[in-house]
Amino acid sequence: MFDSVMVAEQTWPEFKEKVAAGATVFLPLGTTEQHGPHMALNVDVVLPTGVCERVARNVGGLVAPCIPYGYKSHPRSGGGEQFPGTLSLDANTFSLVVRDVIRALGHDGVRRLVVVNGHFENSWPGAEGVDLGLRELRRDGITDMQVMRLEYWDFVRRETLDRLFPEGFPGTELEHASLLETSLMLLLRPECVDMSKVPDDGPAVFPTYDRYPLPDGFVPASGVLARAEGSSAEKGQWLMDDHVGLITAAVRKEFGI
Amino acid sequence: MFDSVMVAEQTWPEFKEKVAAGATVFLPLGTTEQHGPHMALNVDVVLPTGVCERVARNVGGLVAPCIPYGYKSHPRSGGGEQFPGTLSLDANTFSLVVRDVIRALGHDGVRRLVVVNGHFENSWPGAEGVDLGLRELRRDGITDMQVMRLEYWDFVRRETLDRLFPEGFPGTELEHASLLETSLMLLLRPECVDMSKVPDDGPAVFPTYDRYPLPDGFVPASGVLARAEGSSAEKGQWLMDDHVGLITAAVRKEFGI
Amino acid sequence: MFDSVMVAEQTWPEFKEKVAAGATVFLPLGTTEQHGPHMALNVDVVLPTGVCERVARNVGGLVAPCIPYGYKSHPRSGGGEQFPGTLSLDANTFSLVVRDVIRALGHDGVRRLVVVNGHFENSWPGAEGVDLGLRELRRDGITDMQVMRLEYWDFVRRETLDRLFPEGFPGTELEHASLLETSLMLLLRPECVDMSKVPDDGPAVFPTYDRYPLPDGFVPASGVLARAEGSSAEKGQWLMDDHVGLITAAVRKEFGI
Amino acid sequence: MFDSVMVAEQTWPEFKEKVAAGATVFLPLGTTEQHGPHMALNVDVVLPTGVCERVARNVGGLVAPCIPYGYKSHPRSGGGEQFPGTLSLDANTFSLVVRDVIRALGHDGVRRLVVVNGHFENSWPGAEGVDLGLRELRRDGITDMQVMRLEYWDFVRRETLDRLFPEGFPGTELEHASLLETSLMLLLRPECVDMSKVPDDGPAVFPTYDRYPLPDGFVPASGVLARAEGSSAEKGQWLMDDHVGLITAAVRKEFGI
Amino acid sequence: MFDSVMVAEQTWPEFKEKVAAGATVFLPLGTTEQHGPHMALNVDVVLPTGVCERVARNVGGLVAPCIPYGYKSHPRSGGGEQFPGTLSLDANTFSLVVRDVIRALGHDGVRRLVVVNGHFENSWPGAEGVDLGLRELRRDGITDMQVMRLEYWDFVRRETLDRLFPEGFPGTELEHASLLETSLMLLLRPECVDMSKVPDDGPAVFPTYDRYPLPDGFVPASGVLARAEGSSAEKGQWLMDDHVGLITAAVRKEFGI
Amino acid sequence: MFDSVMVAEQTWPEFKEKVAAGATVFLPLGTTEQHGPHMALNVDVVLPTGVCERVARNVGGLVAPCIPYGYKSHPRSGGGEQFPGTLSLDANTFSLVVRDVIRALGHDGVRRLVVVNGHFENSWPGAEGVDLGLRELRRDGITDMQVMRLEYWDFVRRETLDRLFPEGFPGTELEHASLLETSLMLLLRPECVDMSKVPDDGPAVFPTYDRYPLPDGFVPASGVLARAEGSSAEKGQWLMDDHVGLITAAVRKEFGI
């Protein structure tokens, strides 16, 4: 059809042909989740999809539709389920979705798959879904599917983090709706960011445990766990360059392409 | 944020505020499925989302992210699972996704919901998901959620069908990847349609039963079940006008808005 | 034992022998559901079982016990769950039952199976059960089971419908507890029909959508969706002749018997 | 309608009226299972249904459709799954069926329920189904459903057993397809029994453990675990009198009717 | 490491080596359940583990960790769930645990497994778990796993029971928290028994049916179903000798070791 | 009974009384998993149980039986499932176990619960189990259960880590079977450690992604991910003092005891 790396924008004969030629398929795992008063609920869909698109162009791959409802938000990493607009699945439901999509891809001939997670809490039920999907494929006689599973934010160079956080990187978990995600959104979907709404009730100070039911004040009222001010599209580009460059290199190395 | 009816493009305070003001939420149910050699795999996502967007504008509502992986394609209505690019879930998985999303919407305060199906096979597991979601909400003490569930293509006037099919409407099921869907895609995403690839191996002639395993030749090789030639954006507009107008009217009537 | 086509009335050596000789097994899917004030709750068990018995005699087959609790009744096709006496399963439960029975039949050596649905709402979870059952059998190394799945009412000639409905056939869905089912019951179990109780609050006029919770008056109070007056055993015989004749022919053609 | 205690033979208004008047509902749990070369596969459906019918007449109750596919047969109590014609469900599937039927009965207003098991292996997953069904009903606000759950064969007087087994009762488990069941079948469905086929390869001598996979010769080749010779309809009547009399008395006592 | 038969006390190379050498693995199924006012909640963990340890020493085997949360207690065999300290799983949960552990053992190379049940109610969901585990292993290509499944208390000689119950053995079910279990606990964990607290409100007199919800007084208030007085470590030794000797012999016979 | 904080060593009246008096219950989540050639498979049971015992003594609490089969080991945090002796559950199974145990504790009157995880991979399915358990309890009308959920190793002071790792702490994930766990095992169960078997094939160098199927050499052959030499009971005591002191303080603060 037109020049697109999106699975959704292929006809089925195009998809069939590209898969038969060995195309690597990227499956972004997202969710619909609060990302502070200054960003839209689509951050965890936009970012992994954007990364996947760029890497897929680099390696001649395809990007399957992003799963837009992910695993439940946890207070210490995403603020928690109590924020309106956070729309999440039970862990088992999410794992079954990942399982079924991988099973379908395997039966369609896909043999190189990269699962790219864009929502922290998806990491484990996503990994479980991969395990269940591959188990089913093996039972169906498909034993040669190669899979990588990753969080895109882990593909960043130390020097980039140092440049972004001259006073020290606060760590991945607290980065929810904060400088990294905001900068990447300013790069990819600036109309979904309103920097004038960046809150200053963070950073969150969490104890080293979860608490049920969630006590008042456990999570910053804004839903932003660290700091978002100072975000810029330029910083987003630094990050994107790292994410795309390093993931591209890793995929090439693992899949020999 | 900017003027958008998409849930994904709201910040959480915007979503909260609109829901508190009584906004109707539309949940499109799609899938990733072959739609002939002349259309992309995204038809069942693009069309219900496009309908929902327009109706939501009419009634001051919001559109939740479309579920992009639906229930398995059946040979007599969608060609079947054997087409590469058709990426589907087990019925129970799909119902659980719908259940969980509805539960989340209910806990977020949504009290008016319209589930808009865009993939024939989703009808029943989608209805089951609604039933399970409302059951859970009742057990959580939420008993006042109002739901409509519909297939968008049922909202069309007899005269429109007569205008589109002067020789008689072949029926909804066979319309897969055919005149109706192709015309709507030409309206909404013409770059995803290549009319030069419209096949002529249809219409399918199906027996009145399913057959497992699927015999050779049961389904037209192209995946198009009826006829797609003659499709046009203009015809798509006729359809869209009906869909949007009639659904808008039904929603206003049922929800008193 | 005695001359019977019912699986339940075979000894196990008889069953084993007939299956080894290639007998086709028919599995009727029924439910326990309201069928108006003039018919008993067993309509969807009696009718598919009666059809299966006759077809099985024609082709030397066997009829497995009818599943007597089916998928939930929907308002627009069966009146809905709110009628006392409608006893239904969740979709997943029903699919698992069908899956397990098919798995058991496959492990017992059955290689030709016809799933005959007698309850509209069973169609989709029944199809899912067939899919799941065959998937499990393949994983158990059984890959040569041949299955047909059908709704018995689809096997009727146009001229029969014209004879039954001189003013035009209202369509399958609305036929719940109406002329077709009532006539067939008068043929097979007349003691379960009381024509003096036939209501006249139909036919139902449904919108093109589902509504939750069910509004008052959505469904005719009687549970009869179309019209039942004029039903007769003679008309039931016309229908039965079509059902049996056409299904017999289809089974012979598909299974080469 | 006509004089029947079967739920399936009521119209929905009849069912509604009887339930509103406090009718006790009996739910027989059966299966389709080998019962030796001399009896049909329907024994575990015929017997509990027959018992329920008679008790229901005594107490003005109703008999719901017997569940005809039960939990898997175990070698030491029913011969095991390897006999053709034994058609069984996974334990979880069976429990879900029982759960769903009880939930439906509860929502229909039934407040007195007797679950009558006719297949040894159903005892535990049947009890689990009752527990799950009542748990769901409680969560739906229905807390006053009264349930008895029993195996019909436990309702027999010592003197009857002494009369039937002058040399000593071998115990319930080994009685599969043996004197008790054969005599009851001769009473209720003599055309489903062929006494000339009664085998003499029993009684089974089992170790005090299960063995997987099942070793050759573990179970008598006939599937009869004890002895069936000497069975008669007269003895069946002795048993039936005990079953019906004792269950009737227990139900009256427990439900105060 | 040190001389231990416990799987948990092996290093992984030790475990690997012993399994490769053909070691039989014993899997005790326990629970946490009331055992009267005179015994701790650990009886059903201590006893099967103790039996397994001794048998494993005899046959050069290994004992996997006892599953400490079992299937729900039933009133007529364990007193029921209403006793504080009885901590139980749903049947399906328990079966899945057994399934998963057996699958893991099979993938680790174990080919001889003895599942030793120490909690009456575990018998059936435990057997289901074995069946499900072996089914999965077969689908993973592992078809040569040999399994025995047993209740340890069934391995006792008639003369031992006669010695223990000069006035007649009341039967296994009623023995909950009574003479047999108390004597074995006095042998293995005397500090978990306080004979001064042995109640005298038994033996229970149960009807031949279950009752929901549980009526007051159905179960003795103490939770002891038969009698515990007269228990002693010496009697425990008699029992243990039988259990260990007979199970050892059965394992040797079945597995040819 | 005797002085014990273990739930398993209480009689049910003792358990009932302590819970009624407000005792906090600790639920350790463990697994059976390879911990290098120098430690037994029980590390993740011994350590959280040991921590719980000490904290429970401090706060007058009770320790429920440790769940001994946890969620699957992942290569980058526990070496992976391919090590013999690693015996794990599917994520959903594990979550259901946690759900059921919490539901049982809640129904038994427990209102203060601390879930103490001892196996890295349990963190997420354990949290899901807590969420599901509390959801069920709320539906059962129990809304006042207070829960903390934690990984014990997060309760350590910076200065202790500095003392233990003068060259810098390599991070929690890599610490599998390494200095921290080995030192704690030398403190609690020295007979389960053989320091002469400490390997030197670490530390592991992992990429920032998972890989399926697991490539050769991805994980150190020993299963030890970092370094274990230099471990000592003394260091274990430093850690234990931190764990117990800090968790005790946190529990006191959260539960006001």
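The chains carry the letters A, B, C, D, E and F, assigned in the order they are written, with residues numbered from 1 in each.
The rule we apply is simple: a residue touches a chain if its C-beta (ideal position, glycine included) is under 8 Å from a C-beta of that chain, and two chains touch if they have at least 3 such contacts.
These figures come from a predicted structure and were not determined experimentally.
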item: Any chain in contact with subunit D as well as subunit E; value: C, F
item: Steps needed, at fewest, to go from subunit E to subunit F via touching chains; value: 1
item: Centroid-based (C-alpha) most distant chain relative to subunit A; value: D
item: Numbering shared by both copies at the subunit F-subunit A contact, with half separating same from different; value: same
item: Label of the chain whose CA centroid is most distant from the centroid of subunit E; value: B
item: Whole-Å gap between the CA centroids of subunit A and subunit E; value: 47
item: Whole-Å gap between the CA centroids of subunit C and subunit D; value: 26
item: For subunit C paired with subunit F, centre-to-centre distance based on mean C-alpha positions, whole Å; value: 54
item: Residue numbers of subunit B (touch at least two other chains); value: 90, 92, 139
item: Touching chain combinations (by label order); value: A-B, A-C, A-E, A-F, B-C, B-D, B-F, C-D, C-E, D-E, D-F, E-F
item: Subunit F contact footprint on subunit D (complex, rising order); value: 138-139
item: Interfacial residue positions of subunit B with respect to subunit A in the complex; value: 1-2, 6-13, 15-16, 19, 32, 34-42, 45, 64-69, 81, 83-90, 92-93, 96-97, 99-101, 104-105, 107-109, 191-192, 194, 197, 223
item: Residues of subunit E touching subunit D in the complex; value: 72, 74, 90-92, 95, 121, 123-125, 127-128, 130-132, 134, 145-151, 154-155, 207-213, 250, 254
item: Interfacial residue positions of subunit D with respect to subunit B in the complex; value: 139-140
